[in-house]
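Before anything else, here is the set of structures, which you'll find just below.
Shared between the two complexes below is subunit A, which has subunit B as its partner in the first and subunit C in the second.
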Partner chain A sequence: MPAIDLETEDGRNEALRRMYTIRRFDETAAEHFADGEIPGFVHLYVGEEAVGVGACAALEDDDYITSTHRGHGHCIAKGLDPTVMMAELFGKREGYCNGKGGSMHIADVDAGMLGANGIVGAGPPLGTGAALTIDQKGEDRVALSFGGDGSVAQGQFFEAANLASTWDLPVVFLIENNQYGEGTPVGEQHNVDNLSDTAAAYDIPGITVDGMDVVAVNEAVAEARERARDGEGPTFIEAETYRYHGHFEGDEELYRDSAEVEYWRGRDPIDAFAERLMDRGELSEEGFEEMKDEVEATIEEAIEHAHSSTDPEPEEAYDDMFDGEVPDITAFAERLRADGGEQGGEL
Partner chain B sequence: MASAGLEREETQTMTVREAIREALREEMARDEDVFLLGEDIATMGGVLDVTGDLYEEFGRDRVRDTPISEAGFIGAATGAAATGSRPVAELMFSDFMGVAMEQIMNQMAKMRYMFGGKTEMPVTVRTTEGGGMGAASQHSGTVHTWIAHFPGLMAVAPGTPAAAKGLLKSAIRSNDPVFFFENKMIYEQSGEVPTDAEFTIPLGEANVEREGTDVTVVATQRLVGESLSVAEELDGETSVEVIDLRSLYPLDTDTIVESLGKTGRMVVADESPLSYGVHAEVMARAVENAFYSLDAPIQRVGVPDTHMPFSPSLEGEVLPDGEDVRGAIDRIV
Partner chain C sequence: MSTLRIGLIVNPAAGRDIRRLTGGASVVDNYAKERVAECVLAGLDVVPNPPEVLAMPEKAGITDGAIETTPEEVAAGTLDLPIRGSAADTRRAAARLGEECAAIVVLGGDGTSRDVALECRDTPLLLVSTGTNNVVPSAVDGTVAGAAAALLATGAVDDRAVTDRHGMVEARLESGASVRGLAAVELIDRSFVGTRAMVDPADLVGGIVSRANPGEIGLPGIAGALGSISPTEPDAAFLGLREPAEAGRTVNAIAAPGMTAEVGIETHQVLGGEESTTIEVEEAVLGADGERELEVQDEEVEFRSLPGGPRLVAFKRVFAAAAGSGVLEKG
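This part shows the complex of A and B:
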């Protein structure tokens, strides 16, 4: 059974709720990043919600995904808990990675979420590896690797796609073309009209869909998932989309003008889908407001939880390097801490 | 400790190559989640004939020939390990490590830590190292220092057939990424190897191969055998203790310190380039932990910061051997 069945009214409403949850999660993260409460970098998914939700809705609960540096949306789409996610963004012990990963490395392996990833193009080899496990064990599940347009220029994307197609592994490559690889337009980074044209190099289907349309993404991924399950190998799906915020929070966005941003905002995936549901009589204005209030409460709860969560103890920095204790780390840590604790004190 | 009772155990004479193949065979038979992948490891049996006929026994799903695509298949091994497989990847020559380095350093090494300990990473990477075959600069490197240096990875580099078998089995059973470095000049070296399928050698333990009282030689890979020959030559004149370091990371500081307590003198012999090499780390541990045991400056034997040249006369110049170990001993004893 797909995680969210877009063939049903309930499913469509749930998809809308997920998209809106992503939107509010990231907008709220932006505020708390600006306030200095969230350390490091954050890369927001605002504008791209239809891609993550459309894709993950078509997956089953035990399917795997690999994500990107812009991963919050993939996490929520895959069903991760915004409260535990926010705690991770705040660097708290109650977060998914006990505060060791942060925005760029959120993962929940048990839920099939194999990690956001700070390296462009690194997810597809990992997704191919998950598909290799599926193939080795004869399991009935698939892997889906999200990647940005930039990842298609990476050698490791090519290597993963070639390996997966050569071995007919059950993996789907979903490329989110948000028009810019960091600050450089996609046309200046690639020499094809559509990124999906490159699928020909692997002799796998390559299609380009409207990434602002959750149903279009969902249908494409559902079909690709069937192909993968049937042993026919990977599919390359390019979803054309747009990020409303900069590459990272704080990006001055010198590479684009506001007219372009406005054009894409005019195609907003959440507004468009809500309108469709209203046209079909599946959602009322009132119902949508109620949904928004519920999401708002969820996000507020996530922030409150993050505020009341605990900072990891400094000595937890030495945990989780290996399966068991390694004497080298223990000895170095003991010597360091005997000299007065944290190296160099508080940052 | 499994290695302690060597003399009581049933053994068989085998080469390093056979010991590695036997370890692979035993672990594949023991655990169906173990599979091999790499370039030309099935039909060809591996370019240096290590995997041999394993594909006939286990089939092509468990001995997979990959495209020449190190980032792809090392990355796939990483993803497979995170999802319940126990892959053993063969990187044909360690010089090809750079192609796969992104997946090694940012994914394989970091996933457990970044995820707060919530994933296992039971992957083994076997690779060949070393000069001596006239294979020139791009097929003769010794790069194990990179891996030993990088947090989150374990590195072993055995010098005997028994160590090769016992360490590879532990590497495969480990839930952490372990790099298994095979010096290609010792594949034909023979020795006694325990036949018990449960024989393993713990990662992180060095082994005193020969006891002595005048000087300690801490050696790796090919230089273990060469140092043992030197010790034999010097018998009656200088009493040489030879340690096979076996694990580069974790590093067995205790065995080094204990030996220095006895001998007060040390030579570190490893085929890495000398600067920032394994030698430096062994010496640092000795100085930090056994400074007052030292009676003479520690000596190191390695490659003098050059690449491996092609012509035999050039390669012979920079490739460390027993003579260099002997020279180093002579300088301090």
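This part shows the complex of A and C:
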């Protein structure tokens, strides 16, 4: 059963709610980042919500995903808890990685979310690896790797797609073409107009879909998932989308003009889908307002929880990295506890 | 209209939709399209004083790449037209080229051909197949299309003798919206336009065709199993389909590229030029030539054929007329 069934009215409403939750989670994260409450960098998914939600809706609960540096949307789409995510962004012990991963490294293996990743193109090899595991264990699930347009130009993407196609592994490569690799327009990074044309190099099908349309993304991923499960190997899906915010918060965005941003905002995936549900009589103005209020309450709760959460102690820095005890790490933690980090702060 | 100019429209998006995943549809990449476009331009040189070329601009660089290879004798350029990367580009370009050219060469599938046909006025069209669901365009070498276009544009062959008017069909909603198709307007059992292409032939629940032949793909092929209609006839056929197990009769047909199917027939109605048929639609999507176009809920939908379809060039007749006329002889 797909995680969210877009063939049903309830499923469509849930997809809208999920997209709006991503929007408000990221807009709220931007405010708190600007206030200096969130360490590190944040890369926001605002504008790209239909890709994450359309894709994850077509997956089943025990399917795997791998993510990118712009991963909050993938996490929420896969069903992770915004409260635990926000604590992670704030660097708190109550976060998904005990506050040590932050915005770019949220992971929840139990939920099938194998990790956001700060390295461009690092997700696809993980996806191929997860698919190899599925294949070797004879399991009935698939892996989906999110990647940006920039990842397709990385050597590791080639390696991941080449092995996955050679071994017919159950993986879907979903490329979010948001038109820029950091500040470089996609046309200046690649010699093909449609990134899906590169699928021919691996002898796998490649298609391009409207990434601002949650139904279009969902249909494509549903078909690709079925191919993967039927042993037909990987599929390359390019979703054409756009990020409304800069590459990271604080980006001066000198590489694009406001008219372009306005054009894409005019195709907003949330407004467009809400309007379609209203036209179909599946959502009322009041119903949408109520949904927004509920999402707002969830996000406020996440912020309150993050504020009341605790910072990890320095001696916990290397915890959770290894399965079992590592004597050097134990000794390191003991030294830190003894002198508060004055001496012996390194392994 | 300049008699010494031809138009060129290459749809960069044709031939790469979701049917790559669901059927046996072939992939036509942009490199292949550029080679076909180069051949079209090379073919123009078959006549002395070849016509000039005005092409639709597009962002994939197919047309620009092809123009760089144009033979010296051929002047080629692109229309000054803003492009958005959607079907609207094709329609705007067709309107302009229809005004300014003696003939238009189109590289695309049924969808692209329809977009051009809706806007090109009465300009003869030379349709070269590079799309997915190709009932209307011909699988002809680009050089042949270019040579045919040159023979027409220079007046060496009279276009009235070598063109046929293709039918068109329409579905019109009570609320005023309508969908027009060159070969077919389909009724599809889906809620959303989504990825546009028809994902599963089993979703097809009916529609109207301007032509019918069992050798064609999709709804025209299904209708063709019950009786043939030539593309130039004013008649159309309306079909209502259902599950084969529940239908009184069934036909075998080419349901999609790479896919044959047994299809249950509930209704089959041949409509004369002036006739129409109206049905109640609770929830479906209307498609045109294999692409989902319009979401419909609780509407009366009227299906009919439309007069005034496009004039399509019959390639073989162009060369038959040229043979022996001296136009291709030197000295």
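As a convention for this text, the second predicted complex is superposed on the first by the 328 of 347 C-alpha atoms of A that agree within 3 Å, B and C clash if a C-alpha of one lies under 4 Å from a C-alpha of the other, contacts with A are read in each partner's own complex, and residues count from 1 in each chain.
Everything that follows uses one rule, which is that contacts are C-beta pairs under 8 Å (C-beta built on N, C-alpha and C of every residue); 3 or more make two chains touch, one makes a residue touch a chain.
Because the structure is predicted, anything quoted here is derived from the model rather than measured.
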item	value
Subunit B versus subunit C as contact partner of A:49, first or second or both or neither	neither
Contacts of A:219 with subunit B and subunit C, given as first, second, both or neither	second
Which partner reaches more residues of subunit A (counting touched residues only), subunit B or subunit C	B
Subunit B versus subunit C as contact partner of A:227, first or second or both or neither	second
Which superposed partner A:149 touches (first subunit B, second subunit C, both, neither)	neither
Contacts of A:319 with subunit B and subunit C, given as first, second, both or neither	first
Residues of subunit A defined as touching subunit B within the complex	64, 66, 95-101, 105, 107-110, 114-115, 117-119, 122, 124-137, 143, 155-156, 159-160, 162-163, 166-167, 319-323, 326-328, 331
For the subunit C and subunit A complex, residues of the former touching the latter	12-13, 16-18, 20-22, 27, 29-30, 59-61, 191-196, 199, 295, 297
Residue ranges of subunit B in contact with subunit A within the complex	33, 35, 61-62, 64, 66-67, 69, 71-85, 87, 102-103, 106-107, 111-120, 151-152, 154, 174-176, 204, 249-251, 253
List of subunit A residues in touch with subunit C within their complex	7, 187, 192-194, 196-197, 200, 205-210, 213, 215-216, 218-220, 223-224, 227, 235, 276, 279-281
